[in-house]
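In the two complexes that follow, subunit A is the common piece, with subunit B as its partner first and subunit C second.
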Partner chain A sequence: MIYALLAGFAVGLLAPVAVRALRDRARWLITLLPLGLFTYFSHYVPRIQSGERIFFHYSWLPDLEIGLSLCLDGLSLLFALLITVVGAIVCAYSGEYLSGHRDLGRFYATLLAFMASMLGVVLSDNLIALFVFWELTSVTSYVLIGFDHEREAARSSALQALLVTGLGGLTLLAAFLLMKQVTGTFETSAMLQGASQLTASPLYPAIFFLILAGAATKSAQIPFHFWLPNAMEAPTPVSTYLHAATMVKAGVYLLARFSPILGGTELWQNWIIPLGAGTMVTGAWLALVQKDLKRILACTTVSALGICVLLIGMGTPTSLHACMLFLAAHGLYKGGLFLVAGIIDHETGTRDAEDLGRLGRAMPLTCAAAFLTALSSAGVYPFLGFIGKELLYESTLNASLPFLFTSSAVFTGMVFVTMGGIVAVRPFFRGDAQLPKIPHEPPPGMWLGPLVFGSLGLLLGLFPGILHSSLIVPAVHASLGQSVALEHPAWHGWDLKLLLSIGSLLAGGAVFWKWSIVRKFLAGWSIFRQVGPAALYDSSLTLLEVIARRQTRFFQSGRLNIYLLTVVLTAVAFLSWALSRDELSVSDLLLHRWRDVRLYEAIIAVVLLTSTVIAVKADSLLVAIVALGVVGYSVALVFLLFSAPDLAMTQFAIETLSVILLMLVLFRLPRLKNLSRRRNRLRDGIIALSAGAVTALLVLAVNASRGGGKIVTFYAENSLVLAKGRNVVNVILVDFRGFDTLGEITVLTVAAIGVYSLVKLRVPSGEEGDR
Partner chain B sequence: MEVELAVAVGGLYAAGIYLVMRRSIIKLIIGLSLLGHAANLLIFTMGGLVRGQPPVMHPWETRLVGGFADPIPEALILTAIVIGFGVQAFAIVLIKHTYQATGTEDLKDLQSSDLTS
Partner chain C sequence: MSSIILSTATRFLLPLLLLLSVYLLFRGHNEPGGGFVGGLVAASAFSLYMIAFNVEKARRILRIDPRSLMGAGLFLASVSAWISLLQGRPFMTGIWVEKVFPVIGKVGTPFLFDVGVYLVVIGVSLTILFTMAEE
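After this line comes the complex of A and B, so read on.
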């Protein structure tokens, strides 16, 4: 299983090589992967059908309880099959669509990586693994939407999609961590055992809203729906795969997956049902005013996602049944419609529905495929879309507010009829056309895809039993958390649902007839452009940039003393805060220990401080260097007096060297001047003195509270035994902490090389002339 | 002696910080050097002061006994002294060159990375 999951990444890595070597033929080779995966997943159908759930566990980070644990049940199988079958068609199609494109290899690599991530999302049982794959789909979709990266619009839409869905990913991670806190596990299957634990927890509302935010951003629910129409900047195969069939459904998958764990509460229904219904109507409404084929499809996809969310929110067996069936039906017909739109765009050079027409004779096969998908989209008997729509109406009729939900569902159904017609019928039969190019039938790789989608919609609609028992019923069981008997979808005879279905067909047909007029009428009072969430996104992005610029200008002044000032002030603030909280007897120490001093020690301290002051105040460089040397020797004496002979020796040697070095290198430099203004010097002086005072207090506080350490005992005991040395400091340096010393030697070597090369370097000289 | 050394550490820190905030690049070097001493003494004093008991065994002992000085801060400081010297040497040569190339010791005039001479 893990090979099936990760194959996409591996083959993706090889794809650019394959494309370079085999050119256009590479696509058939690459198509074999999703096709093979489809076959692989289909062989699990009988086992899943019998109610089994198949687990695979691969260790990943066992210490953090993060495993690559996979679970195959009805829900994930339905999605896995959808992902692989659409993946296969899209792989074959994009070989033609992007034929000869210089980045085709990169395209395939990302597409396959996306497929693998998407499979990971639907197969992961471990929440952290799910999160990782979830973010991977966001990242790969960013690359895919921005595939045509030389266009500004493509880049900004890609960024928009990444920011919106990435934000949702983060809320998801927060939700998962909270869920772990409540249940003590990251495994979804284990959470299912104690399902009531989560809904009863006081953290439940937080978890719910975080999950909802994750699902709503990914599945383009209001108010996050705006990214999906904008993502149509992507190449059409990408829109087909990501924005119709798979990625945008990840949010729906998530809600369905967590429905048995988190669902069934009032909160769940009160929020998800209005969210789904609102998205459904908004998407349909927005679709009516578009005239770009792909944007029309994107808006109807938003609407369809709203339907799925609405149905999951209702949570009854019928509504979940409707949701799963609609998912499959929508994946097939919307995928087909997108591919048709891609063909039209590819062959005519335009996607403007107002300009298109008369394509029927030029491309009959595409026309047939388009027709099949449009009929399924419209929900005409006996297509799969018909069953989906019937079940949708049945669910809304049984809902709490039947009139409201049914009328909005019928309105949406009507828009689906119209828009299917606009995309897949009108361009082929309309009387006049203004086309930039003369259209031809595309190569088989392109029309085959939509034809397969369309025929599948018809076939599965004619024989609904195939899908029903093998996939839909297990999927409903998985999202319900228990098994129930589901009515076999079939011809129900004349009832209210059928009348509604016919009504929406007729109304949709009427709107289709007068579409241009309706669109212009509606576009006239569309105010969402100025005040909608997309505008909010834009302004928050601008605000972010402004804040970032100001902040950078504030902190990055480019002047060393300002940086140091910030660092020192921060350190002083934190240290004094910590010291003020400390109730240590610093005063005791001050009172009793200051007398424990010998005369020569006191003299050393006085010399040290005096020469420090001289080093600061000196205006002759020579005096400053000598004073610095005196400070260094005083420090060495302190080391000597307080049992650190090694330190004293080193300090004496180094101090001598550095005084010589300073003299040699710097003695030609001019006298030290006071460059700063008096006010600044005073300010720095006060800050420096307060920093000094705080460090002095710190030393005292540490001395007042010091306890015995265990490490010292280790070195004291083992220095001779383990390392055969009597000088413990030496033993630590060359043996116990030998690698540190190696690092130190390396640093010294680097410094020496640096010094040597600088000395050898001839720089263009300024005032000083020769060197 | 802890109290006196604490005052010395504070004085060294104050002087070092004051000097590194100056605009003169040479004062910066001196300040860095003082800060190095300050940090070493800070660690040393924090490790505890012991007179005349270095962490070295007598030939007849197999382990350290009695109130010996803590060897760990000493090992740390030994490394710090040597590294500090490396840094100082490099900085001195670098500054000398900067001064020769630009003709100024004022950090305020060195904000641009382009040579103006």
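After this line comes the complex of A and C, so read on.
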């Protein structure tokens, strides 16, 4: 299983090489991967169907209870199959769509990496693994949306998507950590055992809202819906894959996954149902105003995601059944519609629905494929979309506010009919057209994709049993947390929901007929552009920049004495705060046998103090440096006397080198002058003295509380046993705390490179004016 | 300011100091010493040479660019940290060779790590010192 999961990353790495070597033929080779994965996952269908859940565990960070534990159940299998089948079609399609593009290799690499991370999201049982894959999908989608990175719009949309979904990822991490705190485990399957533990916990509201924020940002729920239409800057295959079929459904997946653990409460229903319903209506409304084919599709996708969230919020067996079926149906028809939009864009050079027309004769096969997907989108019998819509109406009719939810669902259904028609029917049959290019039928790699999507929608609609028992029922069971009998979707005869279905079909047809007028009418009062969440996003970004600039100016003044002052003052402040919390009396601190002071210790102390004063008072730099050297050597002597030979040796060597270094610099520096004002000198003196005092107190305090030092005894006892060395100091440096040392030597190297480049690599004086 | 006494003494002191630095490195695991202080001693040996003669000559007798020493040291230290992964144990687990070598003593990844520290310290100190001295 782990190989199936990671294959995407591995093949992705090789994809650029393959593209360079095989050119356009590479796409068939690359398409083999998702196809193979699809076959691999489908062989699990019988086992999942029998109610089994298959676990795989790979150790990762055992000390932190983080493991790559994977769990395949009905829900993850449904998603895995959707991801791989759409992935295969998109891989084949992009080869044509981006044929000859110089970055095709990079495109495939990121696309496959995205596929692997998406599989990781739906397969992970461990929450931390899930989080990592979740963020990986955000990062790869950032690269994919910004694929055309030379355009400013592509870059800013990519950044927007990354910031919004990345923010959600972080709230998710916080939620996962809280869940771990309550249940003591990171494994979702283990949480399922004691599900009531979470909902009863006082932390439950916090967990719920954090999870909800994560799901809402990823699945473009209001008020975060704005990033999805903007993400249409991506190449169309990316929009198909990420923004219709898979990534945006990760939030839906998350809610479905956690519904047995966190769901069923009042909080859950009171928030998720309005959120989903609001998104559903907003998305449908926004779709009516658009005229760019891809933006239309993006807005209907927002609406569809709202439907899924709404259905999960209701949490009944029927609604979850509707959600899973709608999810599959939507993935297929929306994927197909996006691919059709891509073909139209590719062949005509425009995506403006007002300009398109008369394409039917030029590309009959595309037209057929488009027709099939549009019918499924509209929910016409016997397509898969029809069953999805039936189940949706059935769920809303049984909900708590049947009239409100049903009417909004019917409105949404109507918009889906209209918009399917606008994207997939109108461009082919409309009488007049203004096209930048003369359209031709695209190569088979392109029309094959939507045709497969469309036929799947028809086939699975004609034989609903195929999907029902193999995938939908296990998925519903997984998101319910228990198994219930589900009615086989079939012809129900004339009843209310069929009438509603027909009603939305007719209304949608009517709006389609007069679409141009309706659109212009609605566009007249779209005020959302000025005050909507997108505007809020923009202004918060500007604010962030202003704050960052101020902060940088404040902290990075470029003056050494300010830096020193900041560092020392911060240390003094925190240390004295920590010390004041420690309940140490003065007598504790001064307990240390004053009478035991030897004569030579006193002499060293006097030398130390005297040379410090000399260093401060010195008139020439040379004297100051020598005095500082004396201070350093005296400290080394102190180390030696108090049995720390390692420290003493190091201190001697360091002191020698730094005196040499200071001497080298000395000749370049101007003579010492009294530049600062008396007040500043006083201030610096006080700060320096308080730093010294706090450090001295710290040392005394550490000595006074030595008694309970388990660390000391641990190192002393285990140095030889575990690390085979008798010199505890060195063993700590290279073994027990070796990781710290690795960091330190890295920092040292960076510092040396910094010195070297500051001194040696000066900008030639002529170019300085440019900076 | 060339002094015959200093330059003559340095010719003899340099090898002795280097020997001392290597000695400190090797015995570090069991007695006072170690890669850090060993590296510092070696760096002072070369800086002594630099003072007695000049930077040019010090560079020449070092042979290797101190910047490469930093890189080599960091590389060695990180390689030593990865070795344990090959045995399926967590990052940076100390792994020791059973056989005891003459003079060097026991050999293991922490020792290799210490050699890395030794090289980084020489490289960093001399990069800074030489850079400053050349200006």
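Definition applied: the second predicted complex is superposed on the first by the 576 of 771 C-alpha atoms of A that agree within 3 Å, B and C clash if a C-alpha of one lies under 4 Å from a C-alpha of the other, contacts with A are read in each partner's own complex, and residues count from 1 in each chain.
The criterion applied here is as follows: a residue touches a chain if its C-beta (ideal position, glycine included) is under 8 Å from a C-beta of that chain, and two chains touch if they have at least 3 such contacts.
Small disclaimer: the values here were computed from a predicted structure and weren't measured.
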Next on the checklist: According to the stated criteria, A:D538 is in contact with first (subunit B), second (subunit C), both, or neither; which is it?
Outcome noted: neither
Next on the checklist: Just checking: does A:A752 make contact with subunit B only, subunit C only, both, or neither of them? Give me first, second, both or neither.
Outcome noted: both
Item to check | First, second, both or neither for A:I660, with subunit B first and subunit C second | outcome: second
Checklist entry - Between subunit B (first) and subunit C (second), which, if any, makes contact with A:F639: first, second, both or neither? => result first
Checklist entry - Taking the superposition as given, does A:L560 touch the first partner, subunit B, the second, subunit C, both, or neither? => result first
Checklist entry - After superposition on the shared chain, which partner residues are touched by A:D495: those of subunit B (first), subunit C (second), both, or neither? => result neither
Next on the checklist: In the overlaid three-chain picture, which partner chain does A:L761 touch, first (subunit B) or second (subunit C), both, or neither?
Outcome noted: first
Next on the checklist: Looking at A:V729 after the superposition, I want to know if it touches subunit B, subunit C, both of them or none. Which is it: first, second, both, neither?
Outcome noted: both
Item to check | Partner with the higher number of touched subunit A residues, subunit C or subunit B | outcome: B
Checklist entry - Touching A:L742, do we find subunit B (first), subunit C (second), both, or neither? => result second
Checklist entry - Residues on subunit A in contact with subunit B in one complex and with subunit C in the other? => result 645-646, 650, 654, 657, 661, 665, 726-727, 729, 733, 741, 748, 751-752, 755, 759
Checklist entry - Which bits of subunit A are touching subunit C when the two form their complex? => result 63, 645-646, 649-650, 653-654, 656-657, 660-661, 664-665, 668, 722-727, 729-731, 733-735, 738-739, 741-742, 745-746, 748-749, 751-753, 755-756, 759-760
Next on the checklist: Give the list of subunit C residues in touch with subunit A in this complex.
Outcome noted: 24, 28-37, 40-41, 43-44, 47, 51, 67, 70-71, 73-74, 77-78, 81, 90-92, 94, 96, 106, 108, 110-111, 113-114, 116-117, 120-121, 123-125, 127-129, 131-133, 135
Next on the checklist: Give the list of subunit B residues in touch with subunit A in this complex.
Outcome noted: 1-24, 26-30, 33-34, 37-38, 40-42, 44-46, 48-59, 61-65, 68-72, 74-75, 77-79, 81-90, 92-94, 96-97, 99-108, 111, 115, 117
Next on the checklist: Which stretch or stretches of subunit A touch subunit B in the complex?
Outcome noted: 558-561, 564-565, 568, 589-590, 593-594, 596-598, 601-602, 605, 608-609, 612-613, 615-616, 621, 624-625, 628, 631-632, 635, 638-639, 641-647, 650-651, 654, 657-658, 661-662, 665-666, 669-670, 672-673, 675-676, 684-685, 687-689, 691-700, 702-703, 706, 709, 711-712, 715-717, 719-721, 726-729, 732-733, 737, 740-741, 744, 747-748, 750-752, 754-755, 758-759, 761, 763-768, 771
